[in-house]
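Here the chain labels run A, B, C, D and E in written order, and each chain numbers its own residues starting at 1.
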Amino acid sequence: MKMVKVIGSVTSTIKDDCLKGVKLLFVQAVDIDLTERNDFYIAIDTVGLGEGELGLMVIGSTAKLTDITKGRNVDAALVAKVERIDLKNINHIV
Amino acid sequence: MKMVKVIGSVTSTIKDDCLKGVKLLFVQAVDIDLTERNDFYIAIDTVGLGEGELGLMVIGSTAKLTDITKGRNVDAALVAKVERIDLKNINHIV
Amino acid sequence: MKMVKVIGSVTSTIKDDCLKGVKLLFVQAVDIDLTERNDFYIAIDTVGLGEGELGLMVIGSTAKLTDITKGRNVDAALVAKVERIDLKNINHIV
Amino acid sequence: MKMVKVIGSVTSTIKDDCLKGVKLLFVQAVDIDLTERNDFYIAIDTVGLGEGELGLMVIGSTAKLTDITKGRNVDAALVAKVERIDLKNINHIV
Amino acid sequence: MKMVKVIGSVTSTIKDDCLKGVKLLFVQAVDIDLTERNDFYIAIDTVGLGEGELGLMVIGSTAKLTDITKGRNVDAALVAKVERIDLKNINHIV
């Protein structure tokens, strides 16, 4: 999984049927020190993340295995909220 | 999904049977501020996008799950038209 | 799909049984203005491309879905010959 | 597989059911001379790796094939502990 | 497929059951002129490659389709030995 930050959302009314009724979040990959990378995705939220919050994103066919994304043609899903990061010398509570 | 802009199309008469009857669009990845990235794909359109319009692209095996791409050997499909982007301090209507 | 140019071929007699009887082409990714990228693949040809010709390449599990690659363990296949590219201000006949 | 080093862990209580009861490790890709790359993942540990230890990581749908990750929607799993690296002129015991 | 050079091997006794009894080779991606790229993988050998030899590597779910890797959770396998490369103006016998 990749650690990403929610930075916004995307609205689309013209879309494949499989995407109806899901929230499309704009996310940005972040480094371990939370530096933002120039790397963006649109992902389906399955855990209720808000703007500025950190989550874990699965990509590829795995993204279709959550209760919310089952049977939908998505290739990126947020599957966990990051609440705490423990590194060698640093504990982040986020 | 990745956000991409339609920049053109590709014509091919000599191709695998599975690609017959679909439109092959040339798309370019864009950043959240719509800056163009040096990153190009040929994708199947499933939502009727025109040149210059923004869409969401799924890649990999997921691309074969739309009504239009089912059973076709494609690895990139446009599955939504981007109509509005909401970021922290900016709302784009596109 | 990615647009690639055929630049050569690879010969291998010691190989997995699944690769027997297919042509292994050396291809290079190209930009929309046909600039060559430093990005190379060995792909199975399914449409009869010759050296210097442009094709569309599928990668990943999708590459195993053509008539020629079915059941073969390949992760890159050429599935269309690019004959014409239409961009905003430019028409290439290739 | 990619060689990675365990650098920490992530805590998440709000997550997809499939992620319950597994340890989420923060890992960093390393080069053959063990130089750290600016490339981070969150992976499920299946072999009991501790901080600072080297492991082999599988990504994509393959990550769902271990006894521990079966049926879980994860796209990165640590499947081996690296104990020794033999290169042309160097033997590392790690 | 990607062209890679065998540069060494990895020893692991603590590993997922699926990896028992296979050789884990350290490989490095190479360009068409055989320049080494800063891009490393650990791959399962299915064709008996020795150090310094060139091979073709499949990645992703395709890597699980050879006789040797069937049912094993690997995402990179060497499936052919490269014996000769024919480019426009150059023939390499390797």
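In this section, a contact is a pair of C-beta atoms (placed from the backbone, for glycine too) under 8 Å apart; a residue touches a chain by one contact, two chains touch by 3 or more.
Quick caveat: nothing in here was measured; it's all calculated off a predicted structure.
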{"item": "Approximate Å spacing (C-alpha centroids) for the pair chain C, chain D", "value": "33"}
{"item": "Rounded Å distance between chain D and chain E, as computed from the means of their C-alpha atoms", "value": "20"}
{"item": "Multi-chain contact sites of chain C, meaning residues that touch two or more partners", "value": "60-61, 63"}
{"item": "Category of the chain touch graph - line, ring, star, complete, other", "value": "ring"}
{"item": "Going from chain A towards chain D, every chain in order around the ring", "value": "A, D, E, C, B"}
{"item": "For the chain D and chain E complex, residues of the former touching the latter", "value": "1-3, 31-32, 46-48, 56, 58-63, 65-67, 77, 79-88"}
{"item": "Residue ranges of chain D touching chain A (in the complex, touch as defined)", "value": "7-19, 24, 26, 28, 38, 40-43, 51-52, 60-61, 63-64, 73-76"}
